[in-house]
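Two complexes come next, and they have one chain in common, subunit A, joined by subunit B in the first and subunit C in the second.
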Partner chain A sequence: MSDDAILRAVGVSKRFGAFSAVTDVDYVLREGEVAGIIGPNGAGKSTFFNLMTGLYAPTQGRIEFRGRDVTRLDAHQRVALGIVRTFQLVSVFGSLSVIENLILSVLRFREGAMKPWRFLFAKAHSVEVEDACLAALQRVGIAHLASAPTSTLSYGDKRRLEIAMSLSLNPRVLLLDEPLAGLGDGEITEVLELVREVCKSVTLVIIEHKISRIVDLVGRLSVMCEGRLLADGDPRRVLEDPEVRRVYWGDKAVAAAS
Partner chain B sequence: MKPSTLSLLRRADLLVIAAVFLVLGGVLTIQRTTDFVIFCIFVLAYDLLYGYMGRLSFGHMLYLGVGAYAAALSAEHLSGNPLVALLAALLCGALVGLVLGPIIVRTTGACFALINLAFNQVGFFMAVTALSDWTGGEDGMSAFYDPVLGFDFGDPWVVFGFSLICLLAVVYLMKRLIASPFGVLLRSIKENETRVQFLGYDTFRYKLVAFVISTAVAAFAGGLTIINYVFVTPSFIDPGRNVEVIFACLIGGAANIYGALTGGVVFMIISNYLPNYIERWEMFLGLVLLVLVFRFRAGLWRYLAALVARSGAKEVVS
Partner chain C sequence: MISTLAYGLTIGGILYIISIGLTLTFGTMRIVNFAHALVYTVGAYVVMTVTARIWDNFVFAGLVAVAVAVPLSYLIERFVIRRLYGQSIDYAIIATYAVLLVGVDVVKWLWGATPMPLSDPLNGAFVVLGGVELPLYRILVIAVALVVFAALEVFFRRTMVGKIVVAGLENKEAVRSLGINVDRFFTIVFLIGSALAALGGVLYAPITSIHPYMGFQVLLLCFAVVLVGGMGSIRGSFVAAFVLGLVIAVTGRFWGPAAETMVFVVMAAVLIFKPIEA
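Up next, the complex of A and B:
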């Protein structure tokens, strides 16, 4: 057990009635790592994210953040520690303007901004706050859309907006749940480039359905299947694992390769 | 109208609101107009939860009623000072909000609506039966107030002026709240509460704050009502009347301060004057609602504002 573990799952299981979505998963994420989690649909990847970030409580096992047990902490408390996520279906506020989407995340950890009096009565659209929001938008390259209604954005731009919101929360770990899902080819390249930029400063876990898209990006790859962690380690080596090849490409591919 | 005139009106909105109610007061009877003013305060309190936070309550008459009874009981047992009565109403509203809120704000949708209704039923029962020694039961009780600094609260114009100042204060308070990060938070909760939690916010706490502000202001409106009427009856806590404030929000347009005011006034005009002409006036109200739902879904205020903006744009072009 290394001490540079930032996020750790110990024997984590989640059952929904009789269905076991995640079964006895042990997972360690180290500081500065860029890790990928792949697996077929219904493998339990998103459920695993939901357990780590506090959307669900695990049926069994525990979650640790830098050695501290956070299993019982709510989502917002984990965010305060620096565990930040995005959602598989892009999750921004369509009824707000783009810049308003950033106000809450920009203010959350800003000095003095959360004092009750200021939070309830200060202007949300002050120059100071808007500048900070614009800077966050700049970082993901959509500052020109600041005053647009969010509902008019393309899916890719919404994805960038969601990433900007997450980055404004000063994450220690960022969990991206299929950030490339639903994007066009051009958008995929752009968002991947953004993710590559982000992972220089933040420990990152990324769920992806298609291996090829992230295999160059991640320094470590885990494969989930039917709620279990099937393989974990160096991407190239993981992909050569016969068990992984069997679940991912089916028996035929393995037979053909051998 | 030029855009600059519009923006000027917007900046002086408190004056415009005061002027509109003064004109109404001249045209209608003053006591009724005071009723309009007070009802608008109630609509504003309601709209904070319904329009901005997206939580529909079927039991907000409870909080109005708590304020009404608190004001009346304060006159009987504490002091004849109407300001003391209003303070009592405000504090009791906040207290009830603080006690019931932790249970109520956990829920959403139909559950939120009905749990409010359930508490409202309990409150109604307590006012009519269980606490009838205090509240006067079905008969209700009178409440008379002493003059304050030479202002006689028996004079309808004094009550009108005072209520109008209170309304302007509440409008100002709501404007500040809505324009603050808290306002952004409420609108975000309305759309996707889980997402707000993943931005690091303990949504429960903020929902509770919004709820308590709403109940306190609603109770304040209840207290003012009693100062205007000088008596309280169980009709002020009757859950059946909750539909009035919902109608007002829908007519004027929810999640908009001017919409709430427009809705409050239009609803009061309909409910006060239509019965003079049509016996079953509620039927007409139903028709109004149908038209609103199908034709003016965003409410009268937004429709009118869009109309004015469009004609302004045309004038600039021509």
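Up next, the complex of A and C:
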């Protein structure tokens, strides 16, 4: 296929025991693209993200980043390449303050692959680092919460923090796993606005349950069902696909939204 | 009663120092590490050997013991525990228990099976508190436990490594997804925990008698501390260790044989009211 592929999955499968969560998926993400992935519960969307980001090793197949085979790289090594993700269940650290959460991502990006023994003595709070963190918080609109304990944040603010952290990692490609799930209506609009702004500079893949929320955002839509990639391409065309419609017929949550 | 309380706090301090490693290894790697008791035992034997054969200086011998424990536990981590990451928890129990059994036999082979005493490093010096004579050494043990607690608080709250570990205790995958090789930081914590286990052995050696099986008994008590304090909770272990130390001392004063049984009664009660969410 084209040379401008930033992320590519080739014949990727993931089995948990006898159960196949992802089955023989081929997927190509091009530089600058904004792609959506939809599919019913348990379709294998999050598992697919875990395969691309290295939290799971595929049972079969390989993952390439800009033509380089990264299948054997650990998750943290892929982050260093610029493959960054957020989680379906927002994953910020409740036992740290908001700014400490950011320090973890900002320091990491600035220091590169630092040896632990040097890191051991790295100052947790330097003015520079703190400024970078505040700027990142500013970008997502929660700078005023910098010193709050993260556990006291609303779910929406935690999501914003998580996005700020992922942006601080200097992503080349950003994988967002249902970033709108669990948010109130107002928060959805705001986070979507943020995502719209982010995707101007970063290649983006977004998983979402409700098609209507992202259909205007994405330039391309993929549908997963029972571990397989069912359809892939222009969003409107994909939604007209009879097989896609058949899948949705059986799934109330998504049917209601489409 | 004052001396009973002081004794309880001493036992609590030692239990705390030993339990940290167990609770951290469980919290970070989800591994129940029986080999921890071996490191503790080796700590006690080394301090005894060094004071008897090399230089009769307790502090020096203690440092040697801790220094020996670190490479020993690194080998255990590198060749046994690291292979158990992400495996079912029973594999870890079996493998680290095997390490403990083999290690105990090696200890027997090196030092023999007869229990050996170690004299009070302060030659029986005491302080008088409320009209009661208390061994100074035991008071110092309590102080060491408090210093360890304070040092760990600083480590986990103030240093970058500490914060990464705290974050990793919460959500390992999320730390990894920030580009941090979290396992390496867990190794650091594992070594700190092991060094503290050896320190526990050093501190307890003059109070108890040193024998190859001393680790088994302490291990059970430390599991009780970890369970009562909440697995992976550093502060929880601190409180639990002192509470259980006092339970041992107070029960022991009124009914000797039940002292340690009482610990497990408390543990059972805590588990009933606050079951573990796994």
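The definition used in the following text is that the second predicted complex is superposed on the first by the 240 of 258 C-alpha atoms of A that agree within 3 Å, B and C clash if a C-alpha of one lies under 4 Å from a C-alpha of the other, contacts with A are read in each partner's own complex, and residues count from 1 in each chain.
Note that a contact is a pair of C-beta atoms (placed from the backbone, for glycine too) under 8 Å apart; a residue touches a chain by one contact, two chains touch by 3 or more.
Bear in mind the structure is a predicted one, so any value in this text is a computation, not a measurement.
In the model built by aligning both structures on subunit A, subunit B clashes with subunit C.
Once the two complexes are laid over each other on the shared chain, residue contacts for A:225 go to neither subunit B nor subunit C. Look at A:205: by the touch rule set out above, it reaches neither subunit B nor subunit C. In the superposed model, A:247 lies in contact with neither subunit B nor subunit C. After overlaying the two complexes on the shared chain, residue contacts for A:169 are found with subunit B and with subunit C alike. Contact with both subunit B and subunit C is seen for A:74 once the two complexes are overlaid on the shared chain. Comparing which residues of subunit A touch subunit B with which touch subunit C, the overlap comprises 53, 55, 74-76, 79-80, 84-85, 87, 91-96, 100, 103-105, 107-109, 119-124, 165, 169. Contact residues of subunit A toward subunit C in the complex are 53, 55, 74-76, 79-80, 84-85, 87, 91-96, 100-101, 103-105, 107-109, 116, 119-124, 165, 169.
Interface of subunit C with subunit A (complex): residues 158-161, 163-164, 166-167, 169-171, 173-182, 184-185, 188.
Those residues of subunit B that touch subunit A in the shared complex are 176-177, 179-185, 187-188, 190-192, 194-203, 209.
Contacts from subunit A toward subunit B in the complex involve residues 53, 55, 74-77, 79-80, 84-85, 87, 91-96, 100, 103-105, 107-109, 113, 119-125, 129, 165, 169.
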